[in-house]
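For clarity, chains are labelled A, B, C, D, E, F, G, H and I in written order, and residue numbers in each chain start from 1.
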Amino acid sequence: MIEMLVHLLVIAGLIASALLVYWFRDLLAATLSAGIFSFLISLEFYILQAPDVAISQAAIGAGLTTAIFIVAIRATNRYEGGGS
Amino acid sequence: MIAFFVTFLLVFCIYLLLTAGSGTIGFWSASELIAGAGLSIVVAGITRKFLCRSNNYRMANPLRLLLIPIYILGPFLIEVTVANIDVAGRVITGRIRPGIIRVSSDLKTDLGIFMLANSITLTPGTITVDIDEKTHDLFIHKINIAPGDEEKATVPARELFSFADIPAWIRRIAE
Amino acid sequence: MIGYFSPVAFILVALVCLAMVRLVRGPTPADRAVAVDTVNTLIVAVLILLGVVYRQIIFIDVAIVYALLSFVSTLFIAKYIGGEL
Amino acid sequence: MIADILVLACLAVGTFFNALGIVGLLRFPDVYTRMHATTKMTTFGSVFTALAVIIYGGASWLGTTDSQYVILAVHTLIAAVALAFTNALGSHAIARGARRSGIRPAPAVVDRLEEVYP
Amino acid sequence: MNGFLMTNAPALLIMLPLIGAFVTPFIGRISPRVRSAWVILIMTLTTLTALLLASDVFLNGTQIYVFGAADPDLAIPPDSGGIPIRIIFTVDAMSALMQVIGAITGFAVLLYSISADRIHSGLESFYTLFLLMIAGIMGMVSTGDLFNFFVFLEILSISSAGLIAYRIDGGLAVEAALKYFVLSTIGAMVILIGIGIYYGEYNALNIAVIASRMQFTLLDQIALVLIIAALAMKCGSVPMHFWTPDAYSMAPSSITAMLVVASQASLYGLFRVVFTLYNVTLNAMTVGWIIIILGVLSMVVGVTMAIPQKNVKRLMAYHAISQTGYMLLGVGVGLAVLGNQPLMESFGYIAMEGGIFHIINHAMYKGLLFLTAGAIFFRIGTYNLNKMGGLGHSMKYTMIFFIIGALAIAGIPPLNGFASKLMIYESVFAFNPVLAVIAMVVSILTLASFVKVFHSIFMGPKLPEYETVQEAPVPMLIGMGVLAAIVILFGLFPQSVVNGLIAPAAHALADQSGYIAAVLGGA
Amino acid sequence: MDLFASLSTGTGYWNPLAWLLATVVAAVIVYLIWRRGESGYKKGTAQTTPFISGNPEPAKGMVHVRASNLYWGYLDALKGYYDLIVPAHTGVVNDYLLWYLGVTAALIIVVVVFV
Amino acid sequence: MFWNLPFIAVVTLGLIGLATVVTKKNLIKIFLGINIFEAAVNLFLISLGYREGGIAPIFTSAPSTEMVMATPQALTLTSIVIGVATSALLLSFAVIIWKKYGTIDTDQIRRLRE
Amino acid sequence: MKRGLVLLIFVILAGGLLLIPALLDFGVPAFSDMDDYFLKNGQEQTAANNIVTAVVFDYRGFDTLGESVVLFTAVVGVGLMFRHMLKEEEYEDE
Amino acid sequence: MRMSKLVRTGADLLYPFALIFGLYIILHGHLTPGGGFQGGAVVATGAAIVIVAWAYEDVAGMIRKVTMKAQESAGLLLFIGTAALALGLGYAFFTNVLANSGSLFGLSVPFGPNPGELNTAGVIPIMNIAVGIEVWGGLTVILLYLLSGLKKEEGS
C-alpha cells in the first residue's frame, strides 16, 4: 500500500515538473525542471523494477542531457522570446 | 611511474570494495581479482596525470589514509552533529546573522586545503564560497557570525569549530 | 525490520515534492540549483531505501550512479551562473 | 533487537533532518542561508538513512552470514561517501557561482568578498 | 562459398555499409583518393549483394534470416511453442525491389557525388553518413521486426538530417534540417507508441506474429492511425509535406536523390503496415480511401505549388510530392478493393502494380533530375531559375539527360513514367473515373511546369554571364547516364519489368498469408 | 519472348516498341513532306535575320524570357487558389507539427469513430 | 482505483510534451518538449512490461518470484540512446542557427517558405 | 481561431490516447509467451544472470547494433556541424 | 575558464573513481543492472566532470577528440567483429558462440537464483566492453564538440 502511495507521489511530481518545463520562460529554470523530471522518471523506472533503464536514464537524462542543454543555452540565449 | 602505482593501488582497492562478497578468496573470486587488476591498469594509465597532478605523494602513506576514517568518525562527526543541531534550532527559530568572512589557514597543499574546505562545507552553518588561490585563504559564508568577528580582516580556521581542532587534524593527515 | 523503510521512503518522496516549491518560487537560478541539488540528495536516499524494500541488493548500484552523476549537472549549472562557461 | 532500535533511531534522525532541511529551504531569506539548511542537513539526513541501511545489512549478515548483505552494506557505504563528497563540492560550486553572478548575502553583517567581486 | 553468400546475404547487406562507415573517418585521414576508392568499393559490394539477394528472392521466394540463431533459417526455436523470439529479416519480393532501388540509386549517386562534392570540407563525415543512410534504407526495407524497423528509421532520419545540414555556411540548410528532424523525431516517437500498443496487446514484435494474431480491436485502430500518419508524414504526403521542399532544396543534390529513396522507404513501411500487418482485418474501403485522398491531395497540391516556384530544386521537390501522390493513389486503390477477389483480379492488382512500378520509376527519373540540377549548380552556382538561361549551348549532355528525366516525369511515351502512369490511369478509371481524370490533369500540369524549367535553363541565347560555362565532369555524367539508361530501358520494355519485378512485389504485398507462412511455417 | 510483349493495363495494351515504330514511320513521312518545301534560303543574307516590324533586333540577353514571367496568365487566373494555398506554407516548424497532429487527430476520428 | 495510473501519466506527459512542441516558439523549449515526449514513450514501454508483484529480471541470490518482462526494458534502453543522440544533434543545429540567424525563435527561422 | 484549433486537436488526441489506459491493463499483461520464454530459458541459453542484458545483447543484439550506430551517426553529424569550413566553399544560397 | 581550485582538485580525485566504477558497471553487465551503455555513460560523465572543472583548453590536450573518435570506431568495429565471429564459424550473425563453451567467458550458470560469476555469458561481456568503449568515446566527443563551438563563438 505504502509503495502505491510512493508511486502516486512520484507520478504527481513527474507531471508537476513537466508542467513547470512548459511554464517557465527562463530557459535555465526550464532545463533545471527537465533535470528534476529526469530524476523522477528514473525513480519511476526504478519503482517499476527496471534498474537497467533507471541507470541509463540517470546517467543520460540527469547527467549529460542537462549538461549539453546548458552548454547550448550558453551558446545561444537564456530567455525565451529574447532576440539577438 | 610512482603516479601509475599510486593510482593503480587506489583504483584496485576501490574495485575490490565494489566487488566484495563475490567469492571465496577472502571476499573475492579469482576472476574478479584478475579483471580488477586489468581494469585498474587501464584506469591508472589514463588517469595518473589527473590524480597525481601535483606530484605530491605524501597522501599515499597508508598511515595517513588510515587516519581519514578515524578523523571522519571522530572529531568531524561530532562537529557535524553539534552544528546540525545548532542549525536545526536556527531553522525553527529563524534567528540568523549571516555574512561572508575571510578565514586563514596555514595549509599549503591542494589536498589539505581541499579537505579543510570540504569539512567546512559539510559542517552546517558554514559554506566555502571562494578560495584565494595564492594564499589559500578561504571565504566562508557563516550563518551566525559571532559578534566581533565581522571586524577582523581574517579569522583563523580553528575558531570556526567549537570542539575539535579540525585544521590540526587535517595537517596531520595531509601535510 | 524492512517494514520501517518504506514509510521513510514515502516521507522523503513527499519532501521531494515540497522541495519543488522552491524550484517554482525561485527567484534566482542559484535558488533553483539548490532545489535541484536537494532533490538529488533526497532521491539518492529514496533509492537506497527502496533497494532494501525490494530486497534487491543490486539496486544500490543505481544509487551510486546517481550520487556520482547528479554532480555533473550541478557543476554545469554553477559554472553557467558564475559566468565561467 | 538492538539493531532494530538502532535502525529505527537512524531512520528517525535522518527523516527529521531531511524534513528540517526542506523547511529551511522554504523559510530562509536568501540563497546562501538556504544552502546552509538544505545541502548540509539533507546530506546529513541522507547519510543517516544510509547508515540505517548499513546497520541493517551488518545485522542481517551477522544473523545469516549471507554474503549479499555485505555487498549491500559496502555499496551503501560507497553511495553515502560519494553523496557526501559530491554534495560538498556541489554546494561550494553553487555558492561560488551565485556570488560571482552578483547575488549578495541578503541580511549580511559583513561581506569580505566585496573587494574581490565588486 | 556461394552458399555462404546466399545464406548470409541479408546480414551482409547491412554489415558491409556499416563496416564501411565505421572505417571511413580513418581512411579519410590517409588521402581523399583512397577514401573515394574505399567508399566506391563498399558501395559496389553492397550493390552486388543486393542484386544477388534480389535474384535469389525472385527465383526462390521469400528469404528469411534469423539473427543470433544457430541456423539462420530456423525462425522458430523448437522449444518456444511456435513463436519466433529473435530478430528476423524477412525479404520478400517487395523488399527485394526496394533494395534494388536503393542499391542502384545509391551507386549512381555515389559516382556522381565523388566528382561533384570534391572541393568541400568534412567529406569523411559526408561519406560516413552516406553509407549509414544506405544501411538505414536497406535495414528498413528488409526487416521483419517492428522495433528493428523503428531503429533503422532513426538511423535513416539522423543521417539524413546531418546530410541535409551539410552546408552550414548560410544557415538555410541547417534550418531545413532542423524542420525535417523535429518532425521526424516526433513521428518516430509516435510510431514507437504504436509499436508499444502492439507489444502490449500481442506480446510480439515480429510482423508475421502480430499479423497472425491481429484482431483489429479499438487499440489496433489507434495504433494504425498513429503509424500511418507518421509514415505518411515521413514520405511527404500533403498536408504534412512542408518539410519536403525545404529539405530537398537545401541538401546537396546527390543527397536529394537519396532522400527520394529514403522517403520511399517510409512509403514501403506504410504499405507494409497496411497490407501485411492488417490486410483484410481492417476496413479496407475506409483506409483505402484515406490513402487515396492523401494521394490525390498530394498530386494536386504538389503540382500546383510547383508551378510558381523559382528555385529549380524546390520545384522538383514539389514534383516529388506530386509523384508520391501517384504511388499512394495506385496502391490505395488496390487497398480499397482488397478482399474482393473479382475486383482485385480485374483492376486491383494492376493498380498496385502501377503504384509500385511508379516507385521504382520515380526513384530513377527524380534522382536523374536532381542530379542534373546539381550539375547545373556545380557549373553556374545558382538554383534560381530567373538567373539562368541559354545553357543548352554549353551543357549538351546535361540537357539531354534533363530532357529524358523531364519527359519521363511528365509521362510522355515511350519513357518509363508513361508506362506506370498508364497502368494507374486505366485501373483507377475502373475504380472511380474522377480520380483518373485528376491524375491526367496533374500529369499535364507536370509537363507544363517542366516546359517552363526547360525553357528557363536551356533555351534562349547564350547569356553573357555564362559564357565560360563548360560541360559537367565525366563522373557526374556517368552517374546521370546510369539512371538515364535505366529510365529508357524501363520505358522500352515495361512488360518484362512488370512481369519480373513488379508483379511479384505487388502479389507479395497483397499476400499476407504467404508472408506469415514464410516466417511461422505452414499455417 | 516477352521482352517485346505488350504491357497489359487492365483494360488496354501498351507496346512502346510499336509506338516507336509508329513514331519512326511518322518521322519519315514528315521528313518526306519537309523535303518537298522551299530550299532557297541563303545563309548570311538578310533573308535569315529576324524581322520585328522594322524595329532593330534587341540584344541577345533581352530576348530570353525569364522564368517568373512564364505562366503569368495561369497564375493570375488561379489567384484565389494560390492566395489560399501559398500562405499555408508558413515556414514555422510549430505550424508544420500542428498540421501533422491535426491530420493524426482527423484520422483518429475517421478510423475510430466512423468505422 | 489506481489500476493503470502509469498509462494515464504517459498520456498526460505525452500531451504536455506535444503541447510544448506545438505552442512554444523557442527552439530549446521545443527540444525540452521533445525530451519529455520521449520520456513519456519510454515510460509507456516500461509500464507495458510490468507485472503485478514482479521483481526485476535479474537472477541474484535473492529469492526469485515472478519477474517483470525483460523485452520492454531492452527496447527502452535503445530508445533512451536514440533520445540522447537526437538531443545532441538538435542542439547543435540550434547553436548553428543562433550563429547564422542571431535568433532561435521559430517565428524568425522561416527564410524557407512557400 | 488558431488557439481553438490547437485545443480541439489536443482534445481529440487526448481522447484517442486515453483509449490506451482504458483498454490496456497495467500489471496484468494479456499475452506473455515471448517474455516467458526469455525468463525461462534465457539464463540457460546465454549463461547471463541479467535477462535484460541477455535480451539486449543476444536475442535482440541486432537492435543494439542499430542503437550504437545511431549514437555514432549523431556524433558524426555533430562533428559535421562544428567543422571548419574551407575558404573556397562559399555558396550563393537562395 | 577554470572553476575554483577546490572543484578542480575534487574533479581530479573523482575521475579515477568514476572511471573504475563505470568499467565495473560495463564488465558486470550480465550480472548486475548496467552494461555497456550505462557504464560508458558513467565513464563519459566522469570525463565531463574533469572537462567542466578545468577549462576546455586545459583538457583538450589530455582528452583529445581524435582519440575519442578513434575509440568510438574501434568499439563499434569490435562489436560488429564479435557479431561476425559467429559468421566465420558457420552460425548466423550475432550468435552467442562462446556461451557455455568453456573458453573465455564460457562457464555456464545453474538455473535459478545464484550470486553470479564473472566468467560467464559468452560474447555478452565482450559486446558490453565494445559498446562501453563506443559510448565512452561518443558521449565525450559530443560534449567536446559543443564546447568547442562555444569557444569559437567567443573568438569571433
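Note that in this section a residue touches a chain if its C-beta (ideal position, glycine included) is under 8 Å from a C-beta of that chain, and two chains touch if they have at least 3 such contacts.
These numbers come from a predicted model, not from an experiment.
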Original post:
So which chains are sitting against chain A and chain C at once?
Top reply: G, I
Original post:
Taking a step as a move to a touching chain, how many steps at least join chain C to chain F?
Top reply: 2
Original post:
Looking at E-G and B-D, which one has the bigger number of contacting C-beta pairs?
Top reply: B-D
Original post:
If you average the Cα atoms of chain B and of chain I to get two centres, how far apart are those centres in Å?
Top reply: 29
**OP:** Provide the C-alpha centroid distance between chain F and chain I, rounded to the nearest whole angstrom.
**Re:** 57
**OP:** Averaged over CA atoms, how far is the centre of chain D from the centre of chain H? Could you give it in whole Å?
**Re:** 36
Original post:
Mind pulling the chain H residues that touch 2 or more other chains?
Top reply: 6, 10, 13, 16-17, 19-20, 24, 29, 32, 34-35, 38, 43, 49-50, 52-54, 56, 58, 60-75, 77-79, 81-82
Subject >> Per-residue multi-chain contacts in chain G, two or more chains >> reply: 5-6, 14, 18-19, 21-25, 27, 30, 44, 47-50, 55-63, 71, 73, 75, 77-78, 81-82, 84-86, 88-89, 91-96, 99, 109, 111-112
**OP:** Enumerate the residues of chain I that touch no fewer than two other chains.
**Re:** 3-4, 6-7, 10, 14, 17, 21, 25, 31-35, 37-38, 42, 45, 48, 52, 69, 73, 76, 80, 93-94, 96, 109, 112, 114-116, 135, 139, 142, 145-146, 149-150, 153
Subject >> For the chain A and chain I complex, residues of the former touching the latter >> reply: 51-52, 54-56, 59-60, 63-64, 67-68, 71-72, 74-75
**OP:** Give every residue of chain C touching chain D within the complex, in rising order.
**Re:** 1, 4-5, 8, 11-12, 15, 18-19, 21-22, 28-31, 33-35, 37-38, 41-42, 44-45, 48-49, 51-52, 57, 60-61, 63-64, 66-68, 70-71, 74-75, 77-84
**OP:** Sort out for me which residues of chain B touch chain D in the complex.
**Re:** 17-18, 20-22, 27, 80, 83-84, 87-88, 91-92, 94, 96-102, 117-118, 121-130, 139, 141, 143, 145, 149-150, 153
**OP:** Could you pull out which chain F residues touch chain H in their complex?
**Re:** 98, 101-102, 104-105, 108-109, 112
Original post:
Where on chain A is chain C touching in the complex?
Top reply: 2-3, 5-6, 9-10, 12-13, 16-17, 20, 26, 28-29, 32-33, 35-36, 39-40, 42-43, 46-47, 49, 51, 54-55, 58-59, 62-64, 66-67, 70-71, 73-74
